[in-house]
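One chain, chain A, appears in both complexes that follow, with chain B as partner in the first and chain C in the second.
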Partner chain A sequence: MNAMDIGVSYDTDGQLLSGSYIDYCISLIDSLTSFEEGNAVKRCAHNNFGSKSCGEVGAPLVVTNIIVDGLSPLGVSGMLMPAISSIVLEAI
Partner chain B sequence: MPSVSMTVNGNSVSGQVENRTLLVHFLRETLGLTGTHVGCDTSQCGACCVHVDGESIKSCTALAVQFEGADVTTIEGLADGDTLHPMQNAFRENHGLQCGFCTPGMVMSAIDLVKNNADPSEDEIRDWLEGNICRCTGYHNIVKSIKAGAAAMKS
Partner chain C sequence: MYNFIYHKAESLADASMKLKGADDGSVLAGGMTLLPTLKLRLAQPSDLIDLGPIGDLRGVTVSSGAIIIGAMTTHASVAKSADVRSAIPALANLAEGIGDAQVRNRGTIGGSVANNDPAADYPAACLALGATIQTNRREIAADNFFNGLFDTSLEEGELIKAVSFPVPSKASYEKFPNPASRFALVGVFVSQTANAVRVAVTGAGQEGVFRVAEMEIALSSDFSPDAVAGVKVASDSLNSDIHAGADYRAHLITVLAKRAVAACK
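After this line comes the complex of A and B, so read on.
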């Protein structure tokens, strides 16, 4: 998952560095705990229809916001993805 | 080439195999049972899980000739005619699959779990399935499916 494990990175020539399963972290079943599901429906503000285009995946943002919320007592107000230990530590 | 005989889904089968033929290739290519999948070929992803003498194994890292006389069950052997196995039905009811590639392995592994632990907790399910990978990352519903499947297998 983009939020937790996979850092999408490119070299200076624009070559994707995490394109194969050798350097691409696959989420395992213990990567996340179980959670309650819910929907937050929000219209897109940038067109008259309120429709969103393909690929506007909200889940990574939700997961990252959960982590930021949990770390807010430590003064964390934002964080880059993925939430690997070095990035979380830097945010703190 | 050596020959090997075993029981697969209740049927006696035999075939000529090379010494190096893996159980999964015997099932898929010799017997045409393509429900058992090859995902990684290195015993990590669990898509190839089948039951041998009642226990789940990864058939991509087992040689066919090892299983002379064994009793093998694959995903094709679970349903009773048109009636799905309770665990298969639970995956269906709980949206426990998206692309479906990992599903045969997930179901076979889950049934072995429930045989050992009739009422597994979420943590126990997640612990048991550490050797099964779902690239759609549908683990949340897979855990739900297995909870429901375990309950259905009791009744």
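After this line comes the complex of A and C, so read on.
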């Protein structure tokens, strides 16, 4: 959701603008295409558990990197989340 | 939700009378906007007059050169109607793309048109197809019906009976949905008849649905996607919100108009 659909946003008075599901998008069954998944495990060398910061959700970053990767032939090297259509167009 | 008195209307005349008798009454069609508004306590009508029991407000009829859709016909019924599908496929497609399955099975064409939400789909169809809004008092051309944000020419106690759509030679509706609500971020409806081309845009205008004269003129002499490719709508009067800025909406109008012309059938 945060990667592709909409971010949490506030106006200048601090009013939440994405306060209901009319504005804050929940990903639906048709939001993503089908894909194969896999894990690439690299243990952290700096602690005994081999863990990188616990509880961090990596998926939005992965999705954003996929988009940037796909757009790299057009010269896109980075992008802020969420990758909504207007932001993608601007990046290109 | 605040308290209100609930009434079942037996006919449009009955609904109009009950509305007149209420302190601050609201008419309930499908309720897909009104009910969430009540739940959020954004409105406090004294009375709710439900048009649901009025059976003759539902259904599609075909008359000479027009499709007439009863005010209480749901979006799902319009999408499924073989008559609409064969006469104006663009209209059936539009109905099929409104909200989600739940909304389509409750929401009605009359409710959508009367509410004139600036991002609703039906106002674009009404304006681009040159529809006539039939009420319990008169007939109003779509060109004279939509008066800006959530405002229409309906007078107090005036209720929509049906919407009559002249069958065009070709038409198409292209919508870029808001990913969250599925309302139109921008929607462009293009129609061609024997003597006119009409282009209507919803979702983008600060004052709701509007026609794009420059595109209509360009398409009248050359009905092709290229004819509108160079026409840009000025962004000053367009909406800007967390989903898209005015410039992006202006960009989408041209892109969707091209697609609509290409898909016209």
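A few remarks follow.
Here is the rule we go by: the second predicted complex is superposed on the first by the 77 of 92 C-alpha atoms of A that agree within 3 Å, B and C clash if a C-alpha of one lies under 4 Å from a C-alpha of the other, contacts with A are read in each partner's own complex, and residues count from 1 in each chain.
As a working rule, contacts are C-beta pairs under 8 Å (C-beta built on N, C-alpha and C of every residue); 3 or more make two chains touch, one makes a residue touch a chain.
Since this is a predicted model, take the numbers as computed values, not measurements.
Contact with neither chain B nor chain C is seen for A:I92 once the two complexes are overlaid on the shared chain. Of the two partner chains placed by the overlay, neither chain B nor chain C lies in contact with A:C44. Residue contacts after overlaying the shared chain place A:L80 against neither chain B nor chain C. One of chain B and chain C touches more residues of chain A, and that partner is C. In the overlay built on the shared chain, the residue A:I6 is in contact with chain C alone; chain B does not reach it.
When the two complexes are overlaid on their common chain A, residue A:F35 makes contact with chain B while staying clear of chain C. Contacts of A:C25 after superposition: chain C is touched, whereas chain B is not reached. Comparing which residues of chain A touch chain B with which touch chain C, the overlap comprises 26, 31. For chain A in complex with chain B, the touching residues are 1, 26-35, 37.
Residue ranges of chain B in contact with chain A, taken from their complex: 122, 125-127, 129-130, 132-135, 137, 139-140, 142-144.
On the chain A side of its complex with chain C, the touching residues are 5-7, 9, 17-18, 21-26, 31, 84-86, 89.
Of all the residues in chain C, the ones that touch chain A in their complex are 176, 179-181, 241-245, 248, 251.
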